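Below is one structure, written out as structure tokens, with a few remarks after it.
Each chain gets a letter, A, B, C, D, E and F, in the order it is written, and its residues are counted from 1.
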Amino acid sequence: MKYIIAIIQPSKLETVHEALKNIDITGMTVSEVQGYGRQMGKSEIYRGAEYTVNFIPKTKIEIAVDEATEEAVITAIKSASETGKIGDGKIFVLDLQEAIRIRTGETGSSAL
Amino acid sequence: MIKNIKWQKSLAIIVGSLSSSIILPSAANAAPDAETAYIFNTFSFLIHGFLVALMAAGFCMLEGGLVRAKNATVQSTKNISLYAIAGLMYAIVGYNLMYMDVNGYIGSFSFWNPSETVVDDGYSSGSDWFFQMVFVATAASIVSGAVAERVKLTSFLIFVVILTGFIYPIQGSWSWGGGYLSEAGFLDFAGSTIVHSVGGWAALTGCIIIGARSGKYTDDGKVKPMPGSNLPLATLGTFLLWFGWFGFNGGSQLAMGSAADVDAISNIYINTNLAAAAGVVVAIIGTIALYGKVDLTMALNGALGGLVAITAEPLAPSPILAIFIGGVGSVLVLLTVPLLDKLKIDDVVGAIPVHLVAGIWGTIAVVLSNSDATLGAQLYGIIVIGVFTVFTSAIVWYVLKLFMGVRVDEQSELDGLDKTENGLEAYPEFTN
Amino acid sequence: MIKNIKWQKSLAIIVGSLSSSIILPSAANAAPDAETAYIFNTFSFLIHGFLVALMAAGFCMLEGGLVRAKNATVQSTKNISLYAIAGLMYAIVGYNLMYMDVNGYIGSFSFWNPSETVVDDGYSSGSDWFFQMVFVATAASIVSGAVAERVKLTSFLIFVVILTGFIYPIQGSWSWGGGYLSEAGFLDFAGSTIVHSVGGWAALTGCIIIGARSGKYTDDGKVKPMPGSNLPLATLGTFLLWFGWFGFNGGSQLAMGSAADVDAISNIYINTNLAAAAGVVVAIIGTIALYGKVDLTMALNGALGGLVAITAEPLAPSPILAIFIGGVGSVLVLLTVPLLDKLKIDDVVGAIPVHLVAGIWGTIAVVLSNSDATLGAQLYGIIVIGVFTVFTSAIVWYVLKLFMGVRVDEQSELDGLDKTENGLEAYPEFTN
Amino acid sequence: MIKNIKWQKSLAIIVGSLSSSIILPSAANAAPDAETAYIFNTFSFLIHGFLVALMAAGFCMLEGGLVRAKNATVQSTKNISLYAIAGLMYAIVGYNLMYMDVNGYIGSFSFWNPSETVVDDGYSSGSDWFFQMVFVATAASIVSGAVAERVKLTSFLIFVVILTGFIYPIQGSWSWGGGYLSEAGFLDFAGSTIVHSVGGWAALTGCIIIGARSGKYTDDGKVKPMPGSNLPLATLGTFLLWFGWFGFNGGSQLAMGSAADVDAISNIYINTNLAAAAGVVVAIIGTIALYGKVDLTMALNGALGGLVAITAEPLAPSPILAIFIGGVGSVLVLLTVPLLDKLKIDDVVGAIPVHLVAGIWGTIAVVLSNSDATLGAQLYGIIVIGVFTVFTSAIVWYVLKLFMGVRVDEQSELDGLDKTENGLEAYPEFTN
Amino acid sequence: MKYIIAIIQPSKLETVHEALKNIDITGMTVSEVQGYGRQMGKSEIYRGAEYTVNFIPKTKIEIAVDEATEEAVITAIKSASETGKIGDGKIFVLDLQEAIRIRTGETGSSAL
Amino acid sequence: MKYIIAIIQPSKLETVHEALKNIDITGMTVSEVQGYGRQMGKSEIYRGAEYTVNFIPKTKIEIAVDEATEEAVITAIKSASETGKIGDGKIFVLDLQEAIRIRTGETGSSAL
């Protein structure tokens, strides 16, 4: 199994969510994060003093998938969150050794 | 036991009643009886005093909204405490120091008690005390915002004890108490200098002695903004200050028992509102011109700058002049905020630009509309009050620094004062 | 220089003083003297004007609490600015357009200046200006909430300039200025139509021309709710509006110098409170019945719907009738909120149901208790004011759209207006 | 149709006018005419009533800030609803139960309607109703805070219907309505017992019957604090309560038509402010002494404890005595808050220490300054009102428990009441 | 070593924390997340318009453990957070290659 | 590639950020978390009742790096965030199998 971590634009969460539902992904976990990358922070002025906001709000999605759906998930996220502008984000794939569903105790793919 | 009631103002009342018989001939034989006037005058102090009290809540919200979340509990604590302390100190010693048997430079040291008033006095002595008391709190609120986010809570509260019990009343005795400044012709209707600049000078002294927030000014000469945590709250605070100011300036007419007085109060409300409105509009246009976007915190400061500026003379100006005075107050705020940063004077909420700078401007601007005012007397008052307040404040801050310290240690500042001073987070569920 | 003071109301004063000699025979030879009455009348304008000013803070909190966090700085900016602009424009041109030498359809173009009042006038001219001024701000606040979360800040502020300087005063001259509507017998005591519906019509026009927030209505016909970010703040705003309304309606008695007047003001306070209370209770029972849970935002809107409904005639109704009028106002709000969504008219805070719909109802309901009112005259007033406001507002919005755009671009809307318009987050530490 | 107007107070008015001719001889032949006094008296009810209404907003903010974020929508809903319900119930049945034809133990069951007042009555009957109405809401607000975070919304609202329509007015008829308690010499100027303790007893009964919040008291005898979510809001609420209290106590003079009355109101404002200020300072010093840090929530409670304590007799005490009475009120709050926790009585906002305990103290403290008061009569009043309120409240809470339940189920409590009762989060973007 | 990620009901954090303390787990990192899964979001009504809250508040716990305690930790979390109702959450186990204690520079199991 | 997770003191974020910029790390993702560890929570008093705050605010940094920079990143974080006091935090290193830049579709090291 794989543990996929995607960092996307917050405004794309809904489209990504739709896209994943369409390929029958039934679970994911979402959190708000701050990103730093090539998309440099904006420079703002507060009370006459200039400053740069280094970190930009991003949304992080975590999805545990079995090998079979890995590709489909990556493609879905990619196409749903791409705008072509700097700052679109990344997808990271880690190896997932075990998954357990707390409610039933199921393990492995059937726990996802 | 004769109280040196605000000198130039008791005069104003006399002039008022004289003029009412001139302006209002048709009412000559239908004027309010003495007791009716007494009720009006007293009630004006009470209801306008209530409005000024609202300003304490306004300052609390403004400052609470402009500090970072980790310091908002301390800021709330400071504001409710200073209002309480001001109220007690002004009874214990302040009022009599300011108004009782003023010998030119100081009144008498004694606990205030309501005196038996008779209708001939024109108003209830207690109502006057109440109205004067809420003014003291204002001066203390000003300091609270400037030195926020690093001052030690207990040291600050002790400073407030001295400011409200001694510094403010003593300088107040010189003008409103009928002392040497009022004799020199210094005019400050509702306190651009006597209240606002005094608070501003004490704040400036505090900011310098306490030092800037750690990290605010980087070694390479940059300023690191630390944006306020709750701007809707800061906006509410500004609205409360604005509307409370109708009491601050309107009540300073010190009477409502004649048509002339209530006409004056009407004019004061109008000029007060126009000056604040001009302050907002100037700040909006100004920040768009300077920075390309509207800086809401500057618009709020602009409103207050306009209000402070009109406070020294809210009665005499025409509407156009009131707009001008308020607008210039706001321009000064816009220019002084970044200037202070250049001088590495760290004023968290803009109290010094608003209350000190616009206060000086307003005190000078009295000469534009009040022919009794002279530039010399105005500058004289501004300077002696400034020197006195800076000098006495500096002593108090230094003594506090010596004996108990005036700022929290750096780790506490990083973690937020709320943890060390209160052990309570302002918004435990909203921030990490 | 005779001012066409609110026509039907100056009449009311006369009737009032007549009736006082009838109702109150025992006081016949102990009535207040003219100057005392002058003070009371003037003070009523000032203190009730202060209460109405509080409503500006109320609108700011209500709207700030009902928008999403990313737009709360802009919403605060709009509200404090519009109060400032309204205050300036009403001096520069508004008041005289509304009240000075009204020829039936319009007053005169000139800067307002306080006139020398004599006691015989009954009240200080400045206090009347102050009271009228705060009303203008109310009309503008209404628009602010409806078009929130997508309107361009500068365009909105320019719209406010026109609304408060021209549209509101011109239609106001027709009724309160003594123009053709007052002659036609149109009655609107404190402004269900003249203030609230005017704001509501301008809001409706704005919502249609500016369009809905992006994403609000999906292609498959669904409505996507965008819940408010700070409901305690919205509740505070509603309380401030409710209590400020005592000034709005109570001060509209325009006099307090006789027992009859102050009796009237008492009745007005009571009816105002009962109508609002009925509005809340109806909304609570209504949302439980309709949706199974209490929708707090509807309860807040219900209170306001009740208040707007009673505003056209807060004096004459019995307590029971006041409850009825307020309750129906709330029912209309409950029904209209989803209706607007069906029409894809995106009113962020419910301003149109509250101020326009309940305003129309309240204006019609005048006939239930005031025998001077006719259904024909009421409808006539509602329609001509509606047509005029929609027409002129539409022109202004269209011209703004043409020359500078009326809404921010879609990315700015997604990111929140606070970033593009202010460069400042309202709650930088609470949201991501 | 003679109304048993507040017995000891109508007396006070008579005494007042007598004394004015004694204290104020110079005004003997220049007193306000009857109609002027009528206007002053009526306006005092209205404007002070407005201030008391502000307290409803104050309670809402205080309680909304002291509950956890997941219950803040319900808390806002409860507070705006209870003000609405109180206003309706007091018209429908409450006022006449309390003041109309009181036979010693109860007034009459009937809908209130404004009666035709004549100037000789001294004030407009409607204004008195308005002033009494806002008091009822206060009693209900007290309960709202204590039982927060677990009470079922609908059950609470039904309790409010009974409390404001029946329990409060019936016991009120015994004293202010001229019933047997007033004849027994029980004195409670503005309601330390009649308003605050009644609310406090009802709250205590509710807390016991409803039970503590789940998880508040662990099996091993520990107390789990559940810190408030928004302390700046709680501070704002306290400021609003404090300043609204000027109306609560000041308006309870029930007249403003003579110099003696307005002198009294001045004294009341001053003593009210001093007691609250002492409460804050005592709480600050106290929490530093006890816990090493300033507990802001205790400082807020301390202010309110001082205010409740001075409420039974805000007129007679000297400034020093007012400070003492308020300070002791705050000490009692400091001691009772942890005591209740030891008894596993879960009072979310400290309503019982503030309103019940400080209320009892204040009622007893009347004997310190008012020579008409006897300890016996005071204790008698405290006890019979306490027994009656506990008994009737218990019946209502039990009946509600039986028929519809008084608390939400445990999962709803864990998830927050906002989800089950309102389906709306108070701060959807600030919390998870 | 293993890196365990558990998504649980927020109301279960305290019990889980207790359970882990009982088996001498001395470190963990907690964050607030939004979950999407079989437990469908509730449908709510706001101002007359119905909508579904897709994401439900969940709490995420991250614990680095050595192989020896892996099983105990999983069992502790499972039994402390189970209610049997849909939405109880998941436990994911990833391989942890290195752990470093910043303060001391210790690495491996002794850094946990 | 490696996926580095560092838990640090919030007040050290800025220094760590600087240190990483200095070794040309161009991307990272930051979030706010609550930590439980040897640094015991403080005991506080609220309204007269004592209680212990179990969880302490921490900042979590996630950085995907290629093997070559792994060491440099760890050293940079370590030295920039160390104060020597309990609670300084941990660095965890996981294996990263794939990285994709959403905007361009690049994969592997060049996506970082």
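Assume a contact is a pair of C-beta atoms (placed from the backbone, for glycine too) under 8 Å apart; a residue touches a chain by one contact, two chains touch by 3 or more.
For clarity, every value in this text was computed on a predicted model and none was experimentally measured.
Interface of subunit A with subunit E: the two copies contact each other largely through different residue positions, with under half of all numbers used appearing on both sides. Here the spacing of subunit A and subunit B, counted between their Cα centres, is 52 Å.
The geometric centre of subunit A is 47 Å away from that of subunit C, both derived from CA atoms.
Separation between the centroids of subunit E and subunit F, computed from CA atoms only, is 18 Å. Those residues of subunit E in touch with two or more other chains are numbered 31-34, 44-46, 94-95. For subunit B, residues touching at least two other chains, in rising order: 32-33, 36, 47, 227, 230, 236, 291, 293, 295, 297, 423-424, 427, 430.
Every pair of chains that touch is listed here: A-B, A-C, A-E, A-F, B-C, B-D, B-F, C-D, C-E, D-E, D-F, E-F. Of all the residues in subunit E, the ones that touch subunit C in their complex are 44-51. Interface residues of subunit F facing subunit A in the complex, by the touch rule stated above, are 3, 17, 26-31, 62, 64, 94-103, 105, 111-112.
Per the touch definition, subunit B reaches subunit D in the complex via residues 32-36, 38-39, 42-43, 45-47, 49-50, 53-54, 56-57, 60-61, 64-65, 72-73, 75-77, 79-81, 83-85, 87-88, 91, 111-114, 116-120, 124-127, 129-130, 133, 153-154, 157, 230, 233, 236, 420-430.
The touching residues of subunit B, counted against subunit A in their complex, run 223-225, 227, 290-293, 295, 297-298, 334, 337-338, 341, 350. In the complex of the two chains, the subunit B residues touching subunit F come out as 414-415, 419, 423-424, 432.
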